[in-house]
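Common to both upcoming complexes is chain A, partnered first by chain B, then by chain C.
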Partner chain A sequence: MAKPFLQIKNLAVDFATRRGVVHAVDDININLNKGEVIAIVGESGSGKSVTAYSILNLLGNNGKIAKGSITFDGMNLENPSASLLKDIRGREIAMIFQNPMSTLNPIRKVGDQLSDMLRQHAQATNQTAPRKVIELLHKVEIQDTRRVTNAYPFELSGGMCQRVMIALALACNSRLLIADEPTTGLDVTTQKSIMDLIMGLVKHRNLAVILITHDLGMAYQYCDKFVVMEKGQVVEACDDHSLFTSPQHSYTKKLLAATPGISSKVEHLTPTVPVELSKPAVEIEKKELLKVEGLVKTYILKSQGGFKSQGNTFNAVDGVNFTIYQGECVGLVGESGCGKSTTSRLIARLEQPSEGRILFLGEDIGQVSDRDFIRSPRRKDIQMVFQDPTGSLNPRHSAFQLISEPILRLQKDFNKANLKDQVYQLAEKVGLPLELIYRLPHQLSGGQKARVGIARAIALNPKLLILDEPTSALDVSVQAIVLQLLEHLRREHNLSYLFVSHDLNVVRMLSQRILVMQSGKIVESGETAEVMSKPKHLFTKTLLAAIPQLAS
Partner chain B sequence: MLAVPSLIGVIVVAFVLTRSLPGDPAVYFAGITADEESIAQIREQLGLDKSIFHQFIVYCKNLTQGNLGVSLNTGQSVASELSARFPASLELTLTGLALALMAAIPLGILAAVNPNTWIDHLCRIFVTAGASTPIFFSGLLLVFVFYYLLGWAPSPIGRLDFFYLSPPKVTGFYTIDAMINGDFETAAAAAKQLILPAITLAIFALAPIARMTRSAMLTAMGSEYVKAATANGIDRRKIIFVYALRNAMLPLLTIMGLVFSYLLGANVLVEKVFSWPGIGSFAVDALVASDFAAVQGFILVMAVMFVVLNLVIDILYTLVDPRVSIDG
Partner chain C sequence: MGDLLLNKKVVRNTDTKLDPELSQHSQNSATPEQHDWRQQTWYILSQNPISMFSIVLFLIFILVGITGPFWVPFDPIASDTSIALQAPSFLHLFGTDHLGRDVFSRVVVATRLDLWIALSAVSISALVGTSLGCLAGYFGGWYDRIIGRIADTILAFPLFVLAMGIVAVLGNSLTNVIYATALINIPFFIRVARAEVTIQRNHQYVQAALLSGNTHLRTLVFHIFPNCLPALMVQMSLNMGWAILNAAGLSFIGLGVRPPVAEWGIMVAEGANYIISGEWWLVLFPGLILMLAVFCFNLLGDALRDLVDPQKRT
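Up next, the complex of A and B:
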């Protein structure tokens, strides 16, 4: 058999750190042929990115390939000379990254960055560069070339930036594309269009692709070969889709179970059903908790000239009506910029609505200004769990301080002697080990930080919790546990949730009803099963079609 | 436009501060032998017998007519004194800053591109030494070594050796004026006088600029876009200068504004050490003599300088960073 196009054999990568040598990955074997797409799947810290970086020798000053070989089309890349690297990087092998907004130089025009690339690899001269740049942008299906070439990255959307990154990768007709979480952080519909674009290149140009992802659904839908990594090692490799039907390794099984699919249930996300969720959920009585009527939030836009005299306004939330019953979880889904976060901030009374009423147990809490709401007795009834578990915790406060803060601030009859017990109980409730309670956020894992965020939100026995993408920054196996925790808390304490997310699969598992939002308006709402199986609005259909699904 | 209230504030504070200083100008100018009567006479002459409020009104009225008052020390009008001396200070400060930038930016870049190598350590030593040496000491040391021991530099007695005539005034910068005049000998002599005090200032300014360059470059070199550019095979030179350095310029500009204002302050000492006829030494003399008008004039000029400087930095910022718009 002929040698594969790319062969990684027994690769081990070490990093020299202050605390000694860290073996980032060990004994990695990967074979890839032209026109094939391989997925490297794993959670954070599994070494999937390190493996990819070692191909292009991007390990930085302290990383080195300790063992093994990397052969690309007959060339050895494990110890490349400077001139070989110059020929390979960008010309033979190109790379696209997570977070396209920050992988483009923020203060250089997109067109200039593309022509840098073309001229670097002698694909164009100063004269031909502008024309070639436009050709490249056409190849990645950007029509508005004049605007895009003259734009700075911050003026473009994330999806547009990723297209530009792909255009950079295509500039020299590279034969291998390494895509490191290329669509993480993008909307599902954008994700689909980016992946379709890449798959088109695979088909038409016989491009080989390494797709690094944490999303098994993406891997299933787009890849031919699969490598599952955990803690720097390949735990399972498979050359066909049998990985998904008959996984061998327990870690693969765990990952598969934790990945929300079209029919998965929250209690089945972990290999064993947790005791708390073993009993069936009780029916929800239709007792109204929150009623939102004609909610509008208007922002004043600054016009191009920098003066706001023209009075251009923009309705981020444009006449929204819905109800949440006691003990119910309502999912609010939509793409970035659709107004779902603004809606949640309005209801959490962190922002002032422009119009409309927010009735909480019949009382219009929209009347109290957002500044004074802290003194309202309703403040402790409505609490929020934020998206970024790291960014929303004060880095200088211990978990104990963070959890006790709402008690100290808002609980009227709080008793100093009881505080410790109260915080310990809360920690126990959310499953935060008590020995971690005096740690600072950076000493906690992502899942533990999420638990702190939830403990803090339920400290005052709120009636309504607003969950703003509470799991989007977490690995799937951690997400599974956090979702189960939320479900358990809802059932036990009859809590109501407004669950804001872009991930329909996640929202579906927890919510009884779903609201679909687009451009500030709710375009579809109804029972979860109904909306998911028989979507009426075109946008809901598009959203549902764009989610990569595992075979059921 | 926001500068106007701060300038008014400066005028008021400068006025009140100078009045609250210990020392009575009337006594100072009347001389040691003066009696009560002649002191009172001088006081009346200077308008010091009036209330402070009255004095302030008079001062402001004069200001609106561009009259900064008369320096008691020299007998000249403060405006003409300052305008004669200001170019000398500016020439010195700008040269010092230019020298510092020329040394500090390459040093910072080299240190950031090769972190934890000998060049990085060398940079650290320079920065520490520069930051911890008092400016009058480094000035005197330079004079001692290059004038007294080696004899390479001319005597530190001002802007030009007395063999030469000062060139006709165009910009007020002797080196440039002499060159405009085609008198290269004078230009060289002026440059020689300039070099030691400018280096003294540069040593002072070097430390913060080099340190900031290093850290800003380290941040930029560790960024995603530099990683992406490397992966795409962009030339290392281009990555360092076009991708990293341009982005590192943003924090650098901020620090440059700060350093320039430090230099304006440090000037006072350097001008004293090198007998440089700038506004710094003028201000020190005026302060010792409780020469109110001169001190206030000096403070006002400095305040205007700061305002102009901040404006320039803001404009440069918008030029470098497209994300910053004028209305901020």
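Up next, the complex of A and C:
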């Protein structure tokens, strides 16, 4: 049997830290041939990135390959010389990263960065570079080449930047592409077009790809071989899609169960179902809690260079109408920039609506200015769970302080003696271990931080909870637990949710009704099952088609 | 100032340990550094020997400043022309000056005055500058424009000349030296505070604080400001160094502190005349100590930043 194109054998990587040596990954075996796409799947901290980075020796000063070998096309890469690395990086093996906006140099034009790459590896001269750059951009399906070559990275969208990154990776006809979560943070529709582009390149250029991802749906849809990693170990490797139909290892099973699919239910995401969830859902009585009428938010765009801001306005939210009934979860779905976050901030009264009414139990809370709303008795009825569990917790406050904050500020009959009991009860309710309650946010894991955020939001028994992409920064298994927790809390306390997300699969599981939003307007709304099975609007159809699905 | 910070930590850590049973719990599960602020401080300092060095040096300066006048071998002001301009010896460690005063005693006694000028000037400018900078950074708009222009206006002058002018106009006194030094340091605090607040206000914890019923002002003071402390600490200690240099500079040219009071700047000024005739010790020792103090404050910044940064509490 011929030697594979890329062979990683018994690889172990160690990092020297001030707390001693950390064995990041151990005993990794990967074989990859030309034209194959391998997925390294795992959750954060599983060592999937370290494995890929070690191929290019991008391990930092404190990391080293402790044992094992990496062979790429007959070359040994476990202990490369500086000159070999210089030749290989970019020319033979290219890499694209998670956040394309920050991977491109922000102060240089895109065209210059591309031609640098070409000249560095002697693929072009000063004369031929501009033409080659345009050819490259055409290859990654960018039509508007003149604008893109003269643009700075911040002037381009995330998807466009990722295309440029791929162009950079392909500039020198690399034969192996390492894609580290290339579409995390991008919209599903953009994700689909980026992945389709990469798959096209695999087909036409016989490119080998290592796709690092946490999304099993994406791995299923695009890859030929699979490696599942947990805690620095490969727990399961599989050369065909049988991984998804008959997983062997318990961790793979757990991951598969936790990944929301087209038909999965929130009860089935984790092996142990909380008791309350096994009960049938309560019927929602049609009692209006929130009614939004003709909501508009207009931003004034600053004209460049002028002293006065004038003229140009932009409607982030453009005449939105909807109702939320008591005890109901309504999903608000759309791509980034469609105005869904602005809508949620308007309802949470963090921003002032330009037009329209926000009726909360019949009372127009849009009339109260956001400054006065803090003192309104309605403040405690509308709370929010934020997207980023790290950024939404004050880094100087312990979990206890964070949860007690709304009680201290807003609870009328607040009693100092009860505070501790109250906070402990909340922590118990969201499943935060009590021994962690005096820790600071950076001493907690992502899931624990999410629990603190939820405990804080439900501290005052709000009537409406706005969930602003509450799980998008979490691993799937943690997401599964958080979703169950949210569903459990809704059923137990008859809460109402406005669930804002870009992920239809997630929204679907929790919501009774779904609103689809596009450029400030709601383009489709209806019962969840109906929207999912019989989408009417073209945009909904595109969204649904773009989601990578596991086989059901 | 270092003491103040440490005290604050004590309060923080005691109120998070209301429940003995719970702290027992965390003792089992968490790393040992968490429990005791003293261990915590020690841990941070032991990670960085330079921080340790600067803190020790700072404490020595404070100690000398407080106790110096009680143990110096000679009266720093009493002159005795019979022993004028003697070179360093065991009796007079740093030698004697043109009036026969013991240079060592004068240098030691001057510590209190110089530190006092630096501390009070920096406290005033930190208080005023940080408040203005926070307002500008959080509320933006007209606050930002007006406060920003104030800072620009002050910075438009050569700062030392501005301080000279203020002292000359307001009158030649110690208080006015402090005010002048404080004023010229204000813009730096405005800028650092404004920049930090504009970064912090975009974090989601600010929105969370508003949702929890905090008013904007309360959010700014109790949520955003503490998170700006690490950067402000660096600025404060750097400004301490500048303030000492500035005060010494003013007295060097004859403003502010007047002879026969012992002050490092005056001593350097007085001694400068004698360098040509070979009496180097008059300038060298106060100059060296002045340099050491400024050096110490510049290093102290990093140490203080590490101490107030919660992320360092592993």
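The criterion applied here is as follows: the second predicted complex is superposed on the first by the 545 of 552 C-alpha atoms of A that agree within 3 Å, B and C clash if a C-alpha of one lies under 4 Å from a C-alpha of the other, contacts with A are read in each partner's own complex, and residues count from 1 in each chain.
To be clear about the criterion, a residue touches a chain if its C-beta (ideal position, glycine included) is under 8 Å from a C-beta of that chain, and two chains touch if they have at least 3 such contacts.
Just so we're clear, the structure is a prediction, and the values are computed from it rather than from any experiment.
Enquirer: Based on the superposition on chain A, does the combination of chain B and chain C result in a clash or a fit?
Expert: On the shared chain A, the partners clash.
Enquirer: After the superposition on A, what does A:F314 contact: first (chain B), second (chain C), both or neither?
Expert: A:F314: touches no partner chain.
Enquirer: Just checking: does A:S102 make contact with chain B only, chain C only, both, or neither of them? Give me first, second, both or neither.
Expert: A:S102 contacts chain B only, not chain C.
Enquirer: For A:Y299, using the defined touch cut-off, is the partner it touches chain B, chain C, both, or neither? Pick first, second, both or neither.
Expert: After superposition on chain A, A:Y299 lies in contact with neither partner.
Enquirer: Based on the superposed arrangement, let me know which partner A:M165 touches: chain B (first), chain C (second), both, or neither?
Expert: The answer is first: A:M165 touches chain B but not chain C.
Enquirer: Per the contact definition in the header, classify A:K420: touching chain B only (first), chain C only (second), both, or neither.
Expert: second
Enquirer: Given the touch rule stated above, what does A:A348 touch, chain B (first), chain C (second), both, or neither?
Expert: After superposition on chain A, A:A348 lies in contact with chain C alone.
Enquirer: Can you check which stretch of chain C gets into chain B in the overlay, out of 59-67, 113-121, 167-175 or 221-229?
Expert: 167-175
Enquirer: Which parts of chain A are touched by chain B and by chain C alike?
Expert: none
Enquirer: Could you list, by residue number, the parts of chain C that touch chain A in their complex?
Expert: Residues of chain C touching chain A: 16-19, 22-23, 25-26, 28-30, 34, 47, 203-205, 207-216, 223, 226-227, 310-311, 313-314.
Enquirer: Quick one: in the complex, what on chain A touches chain B?
Expert: 56, 58, 61, 85-86, 88-91, 94-95, 97, 99, 102-108, 116-117, 120-121, 152, 154, 165, 168-169, 171, 178, 302, 306-307
Enquirer: Which part of chain B faces chain A closely enough to touch in the complex?
Expert: 115, 223-225, 227-235, 238, 242-243, 246-247, 320-323, 325-327
Enquirer: Please give the residue numbers of chain A that touch chain C in the complex, ascending.
Expert: 18, 345, 348, 350, 371, 374, 379-380, 383-384, 386-388, 391-396, 398, 400-401, 405-406, 409-410, 420, 434-440, 442-443, 453, 456-457
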